[in-house]
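Below, subunit A partners subunit B and then partners subunit C, in two separate complexes.
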Partner chain A sequence: MNLPKPGNPRELLALVCLVGMVALYFGTHPSGPTTYVMTIWANQATILALVAIAQFFAVLVRGLDLSVGAIVALSNVVASHLLSGSAFEIAYGTLAVLVVATICGLVNGLLIVFGRLQPIVATLATSAVFGGIALLLRPTPGGTVDYDYADAMTLDVAGVPTALILMLVIVLGFWLPLRRTGFGLSLYAIGSAGEAAWQSGTPVAGVRIGAFVLAGFFAGLAGLFVSFVTTTGDAGIAPTYTLNSIAAIVLGGVALRGGVGSLFGAIIGAFILKTIAALMFFSGLPPLAQPFVEGLILALAIAIGSIDVLRMRHRLEVFDR
Partner chain B sequence: MRIDIDALVPWVGSLVVVLLGSLVFPNFLSLDYLLTQAQIASFLGVLAAGAMVVILLGHIDLSVPWTLGWAAIVSTTLVGTGHPVLEAIAIPAALCTGAIIGVVNGIGVAVFRIPSMVWTLAVNAMLLGTSVLFTGGFNPRGEASPLMRALASGDKLGLPNALWVWLMLSVALVWLLRRTAFGRYLVAIGLSEKATWLSGVGTPRIVFGAFIVAGLCSALGGVLLAGYANQAYQSMGDPYLMPVIAAVVIGGTSILGGRGSYLGTVGGALFITLLTSVLSVMQFGEAWRQIIFGGIIILMLLVQNFRRGVQA
Partner chain C sequence: MPHDVVTPSGTAPIVELRGASRHYGPVVALSEVDFACHAGEIHAVLGENGAGKSTLMKLVAGVVQPEPGEVRVDGHPVRLSSPRVALEHGIVCMFQELSLAPDLSVRDNVLLGARSTGLGFFSYRRMHDVRALLDRIGGESIRLTARVRDLTLPDRQLVEIVKALYREPRLLILDEATSALNASVVERVFTLLRERRDAGLGVLFISHRFHEVEALADRISVFRNGRHVETFDNGRYDYGDIIQRMVGQSIDELFPPKASVDEVPGEVVLAVDGLTWNGRLHDLCFNVRAGDIIGIGGLDGQGQITLLQALFGVLRRVDGAVKIGERVLAPENPRIAKQSSTGLALVPEDRKTEGLIPHLSIAANLELAQLGHDGPGDADFEALAAELELKCASFAQPAAALSGGNQQKVALMKWLALSPRCLLLADPTRGIDVRTKTQIYALLRRLASQGVAVVLLSTDHEELVHLCDRVHVFYDGRIVSTLAGEELTSEAVVSASLDSGAAA
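Entry: the complex of A and B
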């Protein structure tokens, strides 16, 4: 596995927390750790994990993508129009969804790099556009996704949830190789010291655009997965995903200032958030108290992540965080 | 007085929107229509004023929706009790709520140095949670006091009261930003917090102050909106978050902090209100409104950047 490097203790801490919480969840779940329970848990967490991965790529190069939620919604809506019919049509539809999402990411990247807009502002505006297009394509929730296809993606293979296998494939088959390429290295270089990266000949413009294209692609994957889980299209799902994706990567040890963290951490953060929600559902907490406790845990988790500010040896170090 | 040209962009934009709109509906140039728009823009403007103070600092306040929501809930609930004293303190209590939320935001950002985008988001989530807990998920009972209704909907000397509130807040804020040390430090921190701290400024104090001002403005916006709707309702603030940030940004304030003018924020609030109004009067559906809205914001920002690029 991709064990976090000792350089990022937060990621390790997050992993330990996640393991503890997952053990608690499956230990206390009324029906125990059956494949069925695992699958539902893994599906929910995987959606958020994919959005978090999208957000991770944007944040890594000192951007923030407020449009990931809108891209998820748009992909979900497009999928609800295209993912039915013959096997060929479905394959073509899947490709089309991912292409649409990737184009959204490309638009963000071009606006940010060549339009010189601040990432937060540019993606705030494009999220309105993408969300509007989604609403145009599907004014009210509806549409269907091929059930066999959806089942294949959201059930299990030999007792292991397909969603978890997908996560594993992304980490082992995509992230680890990417990390070793020049592009992967450049992502970190730009995030931690943009000017130095530029002076050393890193194609900063291209790599930044690439990061946002990847963000769009993964948001599209998330939209596809939402479609598999809900088998319907809904243009109104955007806001929660954007905000939760930011919370997830922070929990997973990704620094919002860029250059720190990994895709693996983003996945851990997303799984932590969803496990908290799942734990609460079975905890016997009154339903009305759940949103509050969820917010409280989020705030505490973030505050604990920043507690080392109290151990700073010199006041000035604080400003470089 | 030096006028930032970026700040004029939304003003020109507002003019263009009204003129283009009037080609289709001559009504757009009537005083009545413009005053109604000014009244609606006041709600957005009050919220944007607070958001701008925090953005000047280089931070962002994402807790606007539920700060606004809680101010509305507190004020309408107090009025709803029917007790004259409680009714009298409804507005001060709402403003206090906003200030307290500002302090909570300040603790996370100034003391724990959590990125404001994340911390205020968490605070917003907690506020949502407490409100669900408090109201049981239903619309809170209660109503706006006559004073709140008058502030939001009445008029004095031919101008809507909401506009007067906005004007007074604006005067106070311009004074705060231009004539006080607090305002100078705010911009200085936006440019370089480290340098400001090394110059002997107690930067955490300023950050606290900024978030308290933002909380107060959000709460005032909440009181006005509750007065306008004569009630508080669940997630009444959610549709305001993005327009508020957009109003500040198209007014030429840098999202990174340190640069911006209040005149631009006022123009931004007017522009967004007029654009929304024109698009809905022209019978565009919600979907097209969003697309055009987003497109125009991108266009205006590109124009600003292009102009700066030509200048440099």
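Entry: the complex of A and C
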């Protein structure tokens, strides 16, 4: 399989860590690696992976999207209103959720490019707006999602969790082809050196907007998946997703300064983060200490990614990283 | 201009400017310029920094628009609103500020924004053309999958050239495109450009290396203070006449006279014995005396810059003995190297990233070297600025607002203020204009005569020959030849650089 380019050692390191953790998790889980355990693990991780993918597209072009969590919440709330009834209604509802999320992304992109706002400021503002709309639509958690539909998306196909299949489809059917397009290339170029990309004849404005539109779309997918897992709508879930998405992409080797990393890395980072949380759950640590330990592990993991700085014998290269 | 400019073959020029002006705030960068560039012609543009060359290129490349004024392509008025639009007209610019994305591979950078790439799917089908082009101009060692970040500056320039040619331009603009390349590679690039010219390519060429312009150009346009002074065929005027047109006055001597041979040699300030580092520097031995200007030459990337960094404490675990005066020294970091007891100063190669912090004010940049220094803190920057004729509105201006030559003056000033005993300079005149070069040469000679030991790394052979008292030629981290006195000629430097290359 033509997986990520070997050019990003952090991504490789993250993959190795993930494999180790997953082995540890299924090895120590009281019920062992049953389809049921795998499915729950994969569903939890997939939600975060989708948000991380959204964040990845924003960060790739030197943006930070603080509204991804709010878009997840809004999508989840819209889904809790629309994902029920006839098959036609459900299909229409799914589409509507994704359109709403994509429009949110488009608004972000337009504000950032044409409003000339810093991404972090623009999305801080829009996150309040999107979150506010979600609250108006569903002031308290509630609503339902068609159970058959939710089951279909969150159980398994021949023992393989549907969520993992979805991840595979995104990587093979979307990400790898995208890397072979001028658009994909421009995303990296803009993040790496915006001025150089413009001078090279790249339509920078359009591509940046495109990146935020993709961020909105994937946050919408995440919102849908939340709905499948919880089968209700809750407008209050935004903050954790935003922060965890940033942690996930950093773990997955995506550089916050833009231009480095891949969608695959973002997925790995999200899976690592959720696996840590799952390991913690069965570790017997007192629940109140778990966030503390989780944070420690996170800090350590990120620090390991920079350990090669210590080996560097040319001090200027440290600044050039 | 009442008539259309027409080539002998009767076609309209590829690009023509009519009455083009451009202001940046109150600063007039270009003033009512008429200018034309034709197919099948290599057209060099000469002028001091601030003469308007770069603005001219930006107008033609679609980076800025004339206000007022008109741009014509093939005789038709157009608006080149972005580099993309210029590209669609067949105009491609290779900018002095490197236009490569550092995190992308060589291959992806070449493809980026090219007409055949677009936003949809692209293919790597034409990559063998890219390979062939790179091989032709001396980039055999550059892998297409290498990240640009990992390439040396000369290699990046080669990639830039290939990237520009891959777009199949009708008019190619080269803005200091060869500034980091050594003579043999430049010759290969020129051969390729001449070939393309004969096939109908128009080339607009800016370089501060006069011999390059002389070797390559068919026609030369001289700019001064934002105005187009004159366009003439190459060969019509000699060097002195052209310099006179560029600066508006005659420069008799570019280089100051060397110290006379009879003078008693000064005491040894810097003694390097057996310096070795990490497989990239091997057993380097040389002395620098007070009053010497020692040249460091050779092909690019043979360890010259690494030597300066090793002396200044940028590298870890350097082996060998370095003595400053009588003191044995192991500079562990630049902070120790710059203390007055050591007295080293390094003006680095890249003024935009290492020499200065461009968005900070001139004053803040000047004070940076003073931080953590034990000497007197009240340097007289005003006097230094006056001596170097630093052109700035005030010290509160950001360094980025200055022209390249003036930025280099600031980078020099910040270190001179520490009164170093030994000044290490990495290619201080790269990409800056003749007048500033002359000022820097005169300054270095004056410092030497006051007893400062100067180590000058240079890619310009003229500089090594005419300014330096002794030149060490590097190859593969070793000194392969030391030239002084009568032996020190341009030919000797070139052949020492190349012969050892061939022998290895």
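Here, the second predicted complex is superposed on the first by the 308 of 321 C-alpha atoms of A that agree within 3 Å, B and C clash if a C-alpha of one lies under 4 Å from a C-alpha of the other, contacts with A are read in each partner's own complex, and residues count from 1 in each chain.
As a working rule, contacts are C-beta pairs under 8 Å (C-beta built on N, C-alpha and C of every residue); 3 or more make two chains touch, one makes a residue touch a chain.
Just so we're clear, the structure is a prediction, and the values are computed from it rather than from any experiment.
Using the contact criterion defined above for the overlaid structures, shared-chain residue A:L135 touches subunit B, although it does not reach subunit C.
Of the two partner chains placed by superposition, only subunit B is touched by A:L111; subunit C is not. Between subunit B and subunit C, more residues of subunit A are touched by B.
Of the two partner chains, subunit B is the only one touched by A:L64; subunit C is not.
Within subunit A, the residues touched by subunit B in the first complex and by subunit C in the second are 315-316, 320.
Within the complex formed with subunit B, the subunit A residues making contact are 64, 111, 115-118, 120-122, 124-129, 131-136, 139, 239, 243, 246-247, 250, 256-257, 288-296, 298-299, 302-303, 305-307, 309, 315-316, 318-321.
The part of subunit B that touches subunit A in the complex is made up of residues 60, 108, 111-115, 117-119, 121-130, 132-133, 136-137, 193-194, 197-198, 238, 242, 245-246, 249, 254-256, 285-295, 297-298, 301-302, 305, 309. Per the touch definition, subunit A reaches subunit C in the complex via residues 7, 177, 180-183, 185-186, 188-189, 191-193, 195-203, 207, 259-260, 312-316, 320. By the touch criterion stated above, subunit C contacts subunit A in their complex at residues 61, 63, 82-84, 87, 93, 95, 97-105, 108-109, 111-115, 117-122, 147, 149, 163, 277-278, 309, 314-317, 333, 354.
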